[in-house]
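Below, chain A partners chain B and then partners chain C, in two separate complexes.
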Partner chain A sequence: MKDWGYSILKGRQIDFENNDFSIAEYITKHEPSFRWCIGCGSCTATCSAARLTDFNPRKLKLLIQRGEIKGLADEIAKCMLCGKCQLVCPRGINTRNVIQNIKRALNTCHAL
Partner chain B sequence: MAINSQHIVIIGGGPAGLEAASCLGTAGYRVTVLEKEKQTGGKLLIWDKLFPEFRNSDKVLNHLSNGFKTNPPQILTNAEVVSVIPENGQHRINLRDGQAFQADTVLITTGFKLYNAEKKEEYGYQIYENVITSFDLEKQLKTGNPIRIEAGLTPRRIAFIHCVGSRDIKSGNIYCSRTCCITGVKQAIEIKRRLSDAEVFNFYMDLRMFGQNFEELYIEAQQKWGVTFIRGRVSEIAENKDNSLQLKAEDTLSGRPIKMSFDLVVLLAGMVPEPRTVEIGKSAGLEFTSGNFLAGLDSHISQNETNTPGIFIAGTCREPLSVAETLTDARAATVKMISWLRENETSHKKPLIKRDND
Partner chain C sequence: MHFNLFVVPFTAGMLILVILLTVRYIKWLSDLEAGNRNEIGGNLFTIKTLYAIREVFMESLLHRKVFKTNPLLGYMHMSLAFGWFLLIVVGKLETFFYTGKFANEFYYPVFFRFFEPTPHKSSLLLAFNALMDFVLLVVLSGIVIAILRRFRPRIAGMKKITKHSPGDRLALIALWLIFPLRLLSESATAGYSGNGSFMTQSVGNFMALFLPVHQLAIVFWWMYSISLGLFMVSIPFSRYMHIPTEILLIFLRNWGIKTKDHFSGFSEIEIQSCSRCGICIDTCQMNSQGKNSTTQMVYFLRDYRYNQLRPDLTDNCLLCGRCNEACPVGIDLTQHRLLQRKKKEFELPSGFKYLPVNQSVEKTDVIYFAGCMSHLSPVISRSMEKIFKTAKISYLFLDKNGSVCCGRPLKISGQFEAAQKLVASNRQQIIASGAKILVTSCPICYKSFKEDYHLNIRVLHHSEYLLELMLQKKLALHPSGKKVVYHDPCELGRGSDIYIQPRMLLSHFMELETIDQEKENALCCGGSLGNLSINPEERNAIQMATAGYLNSVDPEIIATSCPMCKKSIAQFSATPVKDIAELVVANLEALSESQKSLKHHKVGQTIEI
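== the complex of A and B ==
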């Protein structure tokens, strides 16, 4: 989701008031541990996809919580659902199920 | 009844002063507590519930006054101390009204003052009506009345801003006030308890959950109460036409600037020393920490002793502490005071009350 956007149409600022929280709400409802993240980055550190691409599961979850979901479908496609991230998460977050729910949310509440 | 004629004066009747008074009283010493307000108790008179277990602050106050069963101290209220002058191996304690006391040893427990948040103009305290401090919120919670913003409405979105006047070279205070992170978590939970539909966001630089059950409370805030923590220091607040507040920060974990609107903003203002305590310290020849708190002799082995023999310090007049830490610190100081008094006993006048084996 490289989005350098010199187009000036939308700045880099997260505009909380006008963002889309439907995906975040869906995930929180089905996997509440989604919101327990402390941003430690262990999941990204262990993720094979993150080693090979610019995929970042920590940041992905955070941006969804901020209602920033542009390009989400392409991003989430990089995950191989291996579940390694879940093994290392210090908050015991069911990260794999979070990702499953991101996929489901994309299918149910969004046609992105 | 006192078994020892040596006289101890404790300056400040907050948690530290009261705990020390009961320990020294139980050990048989003659103790006078000088309190500038009309009531003892310090900040516990203002706070509603205490972290980490949400106990009413009255419970701790009751514990402190129950400590006075044996050999109660003399407590003088409306007694503001202005200076302490070492004099012939003793100490003269001067009050604002001109009264003076003589003591063999002095314990300073004058506590802290809240950082004046008006100084951080970019946050608009006392400019925007819906920007308040953690102190103001605590007072409002204690009334038990529903939480309302100035216009009488129920706030829907509330922000807590950490590190206001702490860890900030621009405010002159580079130290961490230690208890404001957990106070922010406590107050965020308390708001969610009373307004379950409200959205609560805490903007922090680091979260310092050092004490017993603090991290647990942070987890509870996320898991049970849905409080959102955003890592990033708020750069400025502006007021919208409808008196709601627009807040700007960097969401550092996503590396993006963020803009949000709030109905109420609570500033977690830090702890600073009381200006009067600084004056007392100077009059007694004491040293100060880099944050201008009273300094102990050694940061490992003698935090409660000072460079002026016979003058001791405890509680938040020497560094930011929680109530539990303050009470532990006060007890530690009394042990040092008792050994000091024993060592210096012979150089003093005879005890007033003769003991059998004297």
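== the complex of A and C ==
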């Protein structure tokens, strides 16, 4: 079977049992509005940093929720905290505080 | 030698106070920043010292700024501070005239009436006696207001009053007891010896009717001395530390010292000068509209002073600066909150490798920088482009395809170093363009350009720039008679002192309405990037209240000059909210429309003829 290619590719697999949810928990605790996200991507569409580099807040949110936090520190460091995402968010999420808390979580519970 | 054992509590309290104050002041003054000492030296023998003395008299004693907030509140503070000061000074003079010597035991004037029970003969001393009674009466009236106010803050014009810690309450009770006890002890002595004046003698005679005043007097004098001693000892550990420290603060401030980007000895002096009067509680929109009465500066400074700061006290603040304007002590409150954020967020990761480095920029005289927020309200930058075109100015729209943030949003969330990287990137481009004028539409960027970029060119907010163009007759604006009310953005108004320019510009072609809370007292729109952790309901409540307030004068248009304020207010306003640049363009276009129709009309007329 293996040769036929029907196994799940490692890259497509979400391993909920071994993933790290501590960051997601930390954010939800300190900025509960994190849970309101519907993943519409308005934040990414307007993002000042995303215009200049490969930065995607919507994707980061998804990955954090799945507990796939490898390389998160390098990604989140790209944010300029300008606040445009907060103004366009249709759910009224306090996005700047979410970002700040991702950074704090990385600093306190992870030295990635 | 005048002595009785009851002077010991007062004397001991006084000694402890003097020793503690000396130790602390030496520590703080040695912690001043290096440049500060030169500044003091340079300004010591100038007119600034005289200004400081005047300010000490007006603020520390008369409490002029508190009077402005509310007359009764001002009277309360004045009667206590100035009244007590007079009791000390007049008391000292009284002993001088009585003994003919200036040097006495330092507790002698305090307990003068106990040590000298024989009634005075000379009219001068009798006058002094009456004066002392009168001043005591004034102080007592202040105490009565203070006690009533504790239970009903509204009588002195305050909605909320500071919730004090147990230590402060103890000191407060000691202070409240001092003057009634002084009245009782002086009256009791007057009751048996007859050395009182109009108030103490009457009270004393009344007491003598049914009380053994001779025996009671010594008890009262003991209690008076103990309450004085207790209060003296409590000063360094309670809010009353502001009494001696504020005087020092006023001198240092007049000599040009400020809290900058580092916490220094001066910052410590500022923090200890907070009297916890609570005036900042009512003025704070987080309280009055957001219904959060635990995050105000009075609590921030208190908990900071005792090292018990909760994180939400640092984060949950709009940094709008309303408290700065209201503070009767004149402490730079928002700067302290900012410095605390800096301390807390010290090592948060940041990396901006993607920023353009040494990018070549087109040479130009005028640079226009819209700012991130203006890109969310593109009508502002479009208006500016039209204006540049109308005024025939060649310009470079630096962030036409999207901005690199100016850095201030990072800075006000405490990440000074990360902000510096963004500053460096933008600064390089601005300098490379060789521009002489930098115009921006965003007050946040404006403040950042002014304070953090150290540019040697003119930095103008577009409201200033448009006024200049109009005065140079490059823009022909015509009165439209529309009723407009102007909303001051926090970063532009309180943050950068730009109040007049937008008003001059607007009143040139519109009917500018005035509103009570404007200029220094303007409301914050609620959209502020200063507050990280505000919850969305609180934010909405503030936005709604500000929009409602601006609508209360029935304007046809609400004008502002900040894209963020515009968005915040427009959400909740029935009246259209426009940026000042939009209004200018609308006026220019209305004019050219009417000229066109006039031409058509003329053409039509000629055909008819």
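We adopt the following convention: the second predicted complex is superposed on the first by the 100 of 112 C-alpha atoms of A that agree within 3 Å, B and C clash if a C-alpha of one lies under 4 Å from a C-alpha of the other, contacts with A are read in each partner's own complex, and residues count from 1 in each chain.
We take it that a contact is a pair of C-beta atoms (placed from the backbone, for glycine too) under 8 Å apart; a residue touches a chain by one contact, two chains touch by 3 or more.
Predicted model, so just to flag it, every value in this text is computed and none were measured.
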Clash or fit, chain B versus chain C on superposed chain A: fit
First, second, both or neither for A:I76, with chain B first and chain C second: second
Touched partner set for A:K103, first chain B, second chain C, both or neither: second
Chain B versus chain C as contact partner of A:K84, first or second or both or neither: second
Per-residue touch tally on chain A - higher for chain B or for chain C: C
Superposed arrangement (fit on chain A Cα atoms) - minimum chain B/chain C Cα distance in Å: 13
Common ground on chain A, meaning residues reached by chain C in one complex and by chain B in the other: none
Residues of chain A touching chain C in the complex: 30-31, 33, 46, 48-49, 51-53, 73-74, 76-78, 80-84, 87-88, 92-94, 96-97, 100, 103-104, 106-107
Chain A contact footprint on chain B (complex, rising order): 219, 222-223, 226, 228-229, 231, 251, 253-254, 256-261
Chain A contact footprint on chain C (complex, rising order): 315, 345, 347-352, 354-356, 372-373, 375-376, 401-405, 407, 409-410, 413, 415, 422, 527, 529, 532-536, 540, 564, 567
Residues of chain A defined as touching chain B within the complex: 11-17, 32, 35-36, 38-39, 58-59, 62-63, 65-66, 68, 91
